[in-house]
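There are two complexes below, and they share chain A, which is joined by chain B in the first and by chain C in the second.
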Partner chain A sequence: MLYLNIIVSGLLTGAVYGLMALGLSVIFGVIRIVNFAHGEMMVLAMYGAYVVNARLGLDPLLVLPLVTLALFGLGYALQRLLINRYIARPDHEQFLLLLALATIITASLLMGFGPDARNVQLDYGYDSYQIGAILLDKVRVFAAGGAVLGAAALWSFFRFSRTGKAIRACADNQVGAQVVGLDVKRLYAVTFGLGAACVGAAGCLLLLLVDVQPYIATDYTLLAFIIVILGGLGSMPGALLGGILVGVSEALAGFLVEPSLKSAFSFGLLILVLLVRPQGLLGRA
Partner chain B sequence: MSMLELREVDLFYGDAQALDGVSLDVASGEIVAIIGANGAGKSSLIRTIFGMEKPRRGSIRFEGQEIAGAAPHRICNLGIGQVAEGRQVFPNMTVRENLEMGAVVPRARAGAAAAMDRVFVMFPRLAERRRQLAGTLSGGEQQMLAIARCLMGQPRLVMLDEPSLGLAPVVVVEVFRVVRELNARDGLTLVLVEQNVAQSLALAHRGYVLENGRIVMQGAGAELLADDRVRQAYVGL
Partner chain C sequence: MRHTLTRRDFGLGATASGALLAGTGRARAAIRPIKLGSLLPRSGYEAPIGQSCQRAVELAKKMLPEMGHAIEIVDVDTESKPEVARTQAEKLIREGVEMLVGAFDSGQSFAIAQVAEQHGIPFVINIAADPAITEQGFKYVFRNFPTSVMLGTQGLARFNDLFTATGASPKTAVLMVVNDTFGQTMLRGIHALMPKANLPFEIVDTISYDPQAKDLSIEVAKAKAAKADLLMAVTRLTDVILIVREMVKQRYEPMGIISPGSPGMYQTQFVKVLGKYADYAITNIPWLDPKQAFAHRFEAAFNQAYPGEVCTLDAGFTFEGFVICADAYKRAGSTRPQALVEALKATNIKERVMIGGPITFDAKGQNVNLPSAVVQIRGGKPIVVLPAENAELAPIFPVPGWSQRG
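Moving on to the complex of A and B:
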């Protein structure tokens, strides 16, 4: 029963990881840019939610729509003003640009908040739900529910809205998109905005579960890479599945071996999947 | 007045000149063929008119309005459609979604439903396969889809870049029939870039011969087709 508890808890955390990785996957799938500042943008969102919580006492779940919107705006502006100019440039130049952005975010957060870990205090922070023998943390259930809703919203957007379909068209055939008169650069900006919005929402949800400090950003960037490669580059269900797998593997590793070794297990899982299925679990060959 | 008017257009890729002082006119209701060897600049010409390349010099006017250097989505919204080389359909989207994408420009949105009905009448094969992914269609069907998608934008001028390339002879006949019908029945103005010189000159009202980025000959389609130099260089007679 203890194992089941740990697996379910990892599953719920993994859903939030999935939402974070979804952002990376969408950005890469459409713009073919690897967002090396992905974790940093999420940590920025976490600090945003933390500040509002510390000053106004608002629950991160209530601040989530605002932070998500702000991150969308940030992502849109970044793509429009900066990254669009780098699309046709060599990969290493794109890498340097986004790495610079990541460094700037981390350094700014250090200047503003120092290196100490911060967290939010919630009056339901230690509540839990009992289902049979399984004990679920209330915050974890909320975080996972939010992540699933966020992913479903994104999926519906791509499936049904005109802009969503237009973005899929850009990803499918960029020349074709130009030929039918789509404003590809604007759609790229919307896409990066959506990817950033994913980490905005994921950051608020994750703040319910973990402490935040500037340096963990790099870990989350790497985690997002692992998840996306595990699930299959460019596959939206793959990102979610990868997130959940990594969440469960982290939880089990933390319990069975040593919490500080949880990353080693995630990387191990990645190597295993790459050996057996190089395109990722749900990726196209 | 010409519907489309190019004057002294120069295009460079880096230091390499792709178009050299190109001037041409397309009148409303015409089919104009542009012929030339591989690398003569035919596709560059289409891409430049459509705003996908920015000319270094020269003027491009569509219905009197200067469009040189404007972005493709703006040019498309003025009523210029393009059927690009290699068809460029969206392989992982259904036929219906491909057609919907053809009508995303603001000028075409209101009439999209009626336009969809029209192209399904014109291409019954696409109607049958509307739920199928475009990537699973045959080459000929994809070419029809590319043309139908272009028509969804309700253009007044359509530029077709090598529409017969890589298709079986019987399908090529069908493509040329569609082009003729669009012009004769719907009064659509067409610019046709083709390596299939004999058939396109036979179909076109007028033609231009492009060599190394320059216009070297122009005239009525039949006239060019009868010209010895054209016949020797391009028709292989």
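Moving on to the complex of A and C:
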């Protein structure tokens, strides 16, 4: 039963990781830009939720729609005003642009909030659900539930809405999309906005689980890369599957082998997948 | 009456003026402030503790001149990285700093010690426990902080004092250790010292974890699965907050959580974040002496400058680091490195902030008068509960369960 507890805990954490990585996967899948400021944008969202909680006492779950919308706006504006100009430039220039953006976000947060870790105090922050012998951390259940809902909403958008279908058309054939009269630049901006909105939602949910400080961003960018490569670059279900795989493998490795080796197992899994299936578990060859 | 300046008058005047000028020059040389370089991890993963130390640097800038010491402090950030600590130390020396103080962390302090030794600049360590630093035969390095062996020996000895004072003794313990230089040094020390410490419990499991971990739920689940009576923890700050939070969520209630001598559980942020769940956490650590007048003066100045913050050993040892430098300069009367080193060797400061005898250094540059106290969080404040002669309250052990707190 102890193992079941560990696996469930890994599953719940993995779902939030999945939502975070989803944003990176969506952006790369459509625009073909690797967002090196991904973790930093999530940390920005975490601070946004933290500030509203500290000032107004609002639960990050209630603030989530507002922060998600704000991150969508930020992502949209960034793509429209800045990143669109770099689409045709060499990869290394795109990397440098996004790395610079990441540095600016971290430095600004450091100036604004200092290096201390910040967290939100919630009434249910220390509660757990007891289901038979399984003990479920209430906060983790809420966060995972939010992540699954967020992923489902994004999937529905791409599947059923006209804009979603147009974005998928852009991803499949950019020239063809232009030929039939789609406004590709606007669709790219909407896509970047949606990717940013995903990290915004993930940031609010993650704030329930971890303390935020400016320096945690790099670790989450790296984690998002691992998850996306595992699941398959550009694949939405792949990002979720990758997140869950990383969450569960870290949990089991931490419990059965050695907690300090948790991250090593994620990278081991990554190497294994790259050897056996280089396009990722659900990626297209 | 008309006065004529004779050659004799002129000679006398010139001699007197020369003597006066020379005297003034000597006086000016004697009171020239010595340039001290402060190196602390004010950003990066150790930033919260680095900032805690930095508060003492700011107080030293104000208090030491008021105490008649001529000092000037230049402070830099090591970014919690040994390689940055090394380059910052080199930069400070290039800029004319005459003594160095820092750097909270063993890895960073070791890097600075090598630079100090290479350039022949005295380095006073405020906080860093790796014994190797003072075992290298460095001539310019002095440490006013216990080595991990001293911390471990005294930290373990205080366990028995606590059990004797409270009449409760656990039979088993699980040890959680942060996997960095400090944690691993402490771990080796604990395993080496346990057989000689005559403790009533045995360690049934040891769990090492990543110092930059953001989630320790699995580690705590593993500790809980060991079903031990006591949780021993060698931690930093952010990680121990995660540990206690998970203990509450997983309803893991050992007899208590005790650190044999590590940071985290006595710090302001631990108390601020965890509130009532921070109470009763115990750390066996050198602490500010509630019975010393100088400690009271320092604590009063600290509380006035930083209301809402707790004056901890980070601030106490950092402040003493600057007191040691200022005292050495006063006695040396010179900024020559060799004169400062000789003065440091002869240090004998009786008026202290921290618990313990006078500050003196042995042949290796180590202060050995640094006993540990038992510090327990009570009502949101770290309080000395043992030894009895320094204690403000009696210890409480076993501690109340999570659901029994206010």
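Following the convention adopted for this analysis, the second predicted complex is superposed on the first by the 277 of 285 C-alpha atoms of A that agree within 3 Å, B and C clash if a C-alpha of one lies under 4 Å from a C-alpha of the other, contacts with A are read in each partner's own complex, and residues count from 1 in each chain.
One rule holds for everything that comes next: a contact is a pair of C-beta atoms (placed from the backbone, for glycine too) under 8 Å apart; a residue touches a chain by one contact, two chains touch by 3 or more.
These numbers were taken from a predicted model, which means no experiment stands behind them.
A.B. asks: Does the chain A-based superposition show chain B and chain C clashing or fitting?
C.D. replies: Aligned on chain A, chain C fits beside chain B.
A.B. asks: For A:V180, decide between first (touching chain B), second (touching chain C), both and neither.
C.D. replies: First partner only, chain B.
A.B. asks: After superposing on the shared chain, does chain C or chain B touch more chain A residues?
C.D. replies: C
A.B. asks: Give me the angle at the C-alpha centre of chain A between the C-alpha centres of chain B and chain C, rounded to the nearest 10 degrees.
C.D. replies: 150
A.B. asks: Which of the two partners, first being chain B and second being chain C, lies in contact with A:A169: first, second, both, or neither?
C.D. replies: Touch partner of A:A169: chain B, not chain C.
A.B. asks: Between chain B (first) and chain C (second), which, if any, makes contact with A:P115: first, second, both or neither?
C.D. replies: second
A.B. asks: For A:F160, using the defined touch cut-off, is the partner it touches chain B, chain C, both, or neither? Pick first, second, both or neither.
C.D. replies: So A:F160 meets neither chain B nor chain C here.
A.B. asks: What does the superposition give for the shortest Cα distance from chain B to chain C, in Å?
C.D. replies: 40
A.B. asks: In their shared complex, at which residues does chain A touch chain B?
C.D. replies: 162, 165-166, 168-169, 172-173, 175-184
A.B. asks: Tell me, which parts of chain B touch chain A in their complex?
C.D. replies: Chain B reaches chain A through residues 50, 52, 71-73, 75-77, 82-84, 86, 88-93, 97, 100-102, 104-105, 149-150, 153.
A.B. asks: Considering only the defined contacts, which chain A positions touch chain C in the complex?
C.D. replies: Checking each residue of chain A against chain C gives 2, 5-6, 9-10, 13, 110, 114-117, 119, 121, 125-128, 135, 137, 139-140, 209-211, 213, 215-216, 219, 250-251, 254-255, 258-260, 262-263.
A.B. asks: Over in the complex, which chain C residues touch chain A? Could you list them?
C.D. replies: It is residues 42-45, 47-48, 50-51, 179, 207-210, 212-219, 221-222, 225, 238, 241-242, 245, 248-251, 269, 273, 275, 277, 402 of chain C that touch chain A.
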